[in-house]
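Each of the next two complexes has chain A plus one other chain: chain B in the first, chain C in the second.
And then the complex of A and B:
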């Protein structure tokens, strides 16, 4: 169907390799490897080595960048920003894979100076690679959902017009909040808290730090391993796709005199308090009881 | 712009409020209210189907009135201490100029809970007032002025104090005017709530 397989370079900067590992769980990986050509990948067999990437001038269609960048960080004595610069200019498309490559993520707290994402330092734009912004797509997540990355690459292959949000993330996957599709929505609506981690009952937004109502992503639309999500399993969403990830006290909702500091996306304080006040006034027996 | 029917409803609410606050909930009848408005009892029921429903509408009316006053203060670009003083001033001013509002809150709403059980669950009927108090607290905590604590421990301290003072005034026990206590009460409340 396609005359030529798109050539992909997966470049790893300041990273834990978590996104590479997550991608290995893509259920159709064999098909994917058949459809594209990995010129270089740190874990998957590929034609060239990192040394080749540095010494040679290799053709590439899509550059995948995993991990944060810093002018101080080198791979095999080569500054990572030189490597990014070299292949980003050759590539037709660039994808920042994961929250570190997109916003700096947890590695923005590393000892390397000026550690940021490719185009963002948390929510603030950076300027070093500004000229490449027009061909970049961000896939944030710690780690990324393999389907989101794979489907974005397939969309590039098919020349689809992907609508992006302000952080260059495909709206197809990031226009939703993690709250969408959460099996605990009834508990959220009627303000029934969950007091035990891992239980199927209760909402974790009010006490347990769940960030799903104000975090963009598809975790409850595209289930992890086709099975589950954090919130469904009983663990709060930690907001890992957000520019300010990671925050502190991930298991406790930050409140000021009883009002959550972060409210559901786009919901005004008075609107939230009015609804909460009404639902708090009633007790729904079914939602107070264990499901099983 | 209120419709003619809404204007009439508000007039009934204001008159009924005066009577309830003066004579109590049970001693006030629909015919009493109708007669002060020179309305027939039958016509009154076109506006409110029962005395209980009217009583609930009155508390919502008071809550909306006080809520809108506090909202204005919340939206001012002033310190939490200044907001504290302004809320106290507003509350006492209302108690002096519209004593029936605070009286109704203390002597009807809080004292006849059986009337309000169905339809005014929790804080539904006083939501607009409570929300603005919550926002005053929340913004005070966020700005680093107030100590983070359980909402009700702070709410009780603030509103219980003010309600108590107005109650004492209503019983003619206070030797001075309410306004004479504003500075001391502001000092006490702010000191108790601040970090």
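And then the complex of A and C:
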């Protein structure tokens, strides 16, 4: 059916290569490399080298950008902006892979001037590559989940009409919150707020900075490495898919007059207080005790 | 003559000069960019470093997490860290080291020897090892599950079962693909000749070196150092075969480099090699000592040491699992909140590529200064003609720059770490 494999260029800008390595954990990689060709990739063997990318004019179908961009940042003495410009215009689709490429992420705090994502500087739109916005899909996450990237690429191959959110992220993966599917949900629902680290019981939202109820993503729906998630393990969600990742003081819940500053998505303060009042009236023994 | 080296977690530029016999007499090593992680950390709350630092590197971020945890705990005069947490930190770091080794061998080294890149041979075991980290830490890469006072998780007997199976699966994979050997003996071989009659990708590679008479290629000073003491690795330095156990962090010096973003690192003003070969020398692994005796600190010894570390670490990881006591805690809340801590601390671990050192200075729980010295900085220090860095010295005298690239990559270069 697809006699011609789509050609992919995986370009890295200001990054840690975390998305490249995360993608290597995609369980169906064998099928994937049968279906697509990385004509340039930072780790995997590819037909062209980075030098070729700089010196030649190569055709590609999909451009994957990993890492934040800055007019000051160069790849082997070539400004990254030029490389992005050259291949983004050739590509039929562009995917920003990870939070740095999408919003700027951690490296927006590095010393390079104007370090941003391809279309966003945190939540604000940028204008340099505005004309490419119509063909871009964002996949945020630090790092991305391999399945999210792989299946977005398959969706492009099959011309699927993906619904995107305001940050150009596929709703299929980003309409959920990280809270959806967390095994600690009951502690959240009944506001059992005495979490300590090193326990399989308890919810990290009330004291330890968990951002899962107001962060979009599929971490507890598509499990990491097929087995687990940070919140299931006992680590607060750090909001790594969000435009403002990383916030500060990540292991502490910011509160105003005892109420968490960031409430679950779409939940107003009044609703939260009413619910909190009701749940406080209960004491559920099962949830106060160790599971086993 | 300039050669760009790619697919080393980034890129580097090697500028070779040759003597009148057309042999390399100097190599200038240049890394292109830096991300200023140390500056990003300044003025941030201490614990945020646990989230930021794994993002130094996509392939060895876990080592950065554990080094960060240790550096922050070292800022306390007195802190109780549960034994279970210490065990799990070592265990997950072992898993990261091994996934790196598989990737290095199949993605970086074999293609240099005329083989096609066996992507799936690298990813099959590295996915299993990443899964084993995720069972404990929630995900891989980029978990922050280790924190001041212990680890966040509370694992169960079922988790231990899962991890045991994953370890067994990787061991089976190693025995089937890298070093085909039915006997239980292969962890205790004393002689290179014991393994060269076996089958497997590792053996085929070593034989290729022998057939080309390359087994002495890539020798450097024969000076090794290991700082990251733990229940398996022994710290110390070894010069040829003289071992000394007394090391002092204060003797480590970092110097900026005129023409590269990477800083040079010395111990008592001398360049040392770090990594699996150094660790095997300090741990006195008989097979590796035999290789060193015969071929010195060559690529041959480096490849063997790195890949032979896998079964050793798998074996040790199973012992670590046995030492967990599920009735004991995984986390003990520090008596003093970190927001009240002022002071400085060192955190040192053995990462896949060798000694990784973090230094932090806190004032009331806020990071004043942070300093990271990565393994690649040790091995790839860009010295002068009079005082060559370890990898520079290893490339001198070769006439073929493709061979020089193999020598360079035998150190398992990590560009992103180096230019953190």
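Structure notes:
Quick note on the criterion: the second predicted complex is superposed on the first by the 290 of 292 C-alpha atoms of A that agree within 3 Å, B and C clash if a C-alpha of one lies under 4 Å from a C-alpha of the other, contacts with A are read in each partner's own complex, and residues count from 1 in each chain.
FYI, a contact is a pair of C-beta atoms (placed from the backbone, for glycine too) under 8 Å apart; a residue touches a chain by one contact, two chains touch by 3 or more.
What you see is a predicted model; the values in this text were computed from it and never measured.
Judged by the number of chain A residues each one touches, C leads among chain B and chain C. Once chain A of one complex is fitted onto chain A of the other, the partner contacts of A:259 are limited to chain B, with no touch recorded for chain C.
By the touch criterion stated above, A:278 is placed in contact with chain B alone, chain C being left untouched. By the touch criterion stated above, A:82 is placed in contact with neither chain B nor chain C.
Applying the stated contact rule after C-alpha superposition, one finds that A:269 touches chain B and leaves chain C untouched.
According to the touch criterion, chain A has no shared surface contacted by chain B in one complex and chain C in the other.
The residues of chain C lying in touch with chain A in their complex are 4, 6-7, 9-11, 13, 32-37, 39-40, 44-45, 47-48, 50-52, 55-59, 61, 82, 85, 103, 107, 111, 116-117, 119-120, 122-123, 126-127, 130-131, 133-145, 147, 149-154, 156, 162, 329-333, 416. Of all the residues in chain B, the ones that touch chain A in their complex are 121-124, 127, 130-131, 134-135, 137-138, 140-142, 146, 148-151, 154. For chain A in complex with chain B, the touching residues are 255-259, 261, 269-270, 273-274, 277-278, 280-282.
Residues of chain A touching chain C in their complex: 12, 14-22, 24-25, 27, 29-30, 33, 42-45, 49-51, 73-77, 106-107, 109-111, 142-143, 196-200, 219, 224-235, 238, 240, 246, 248-251.
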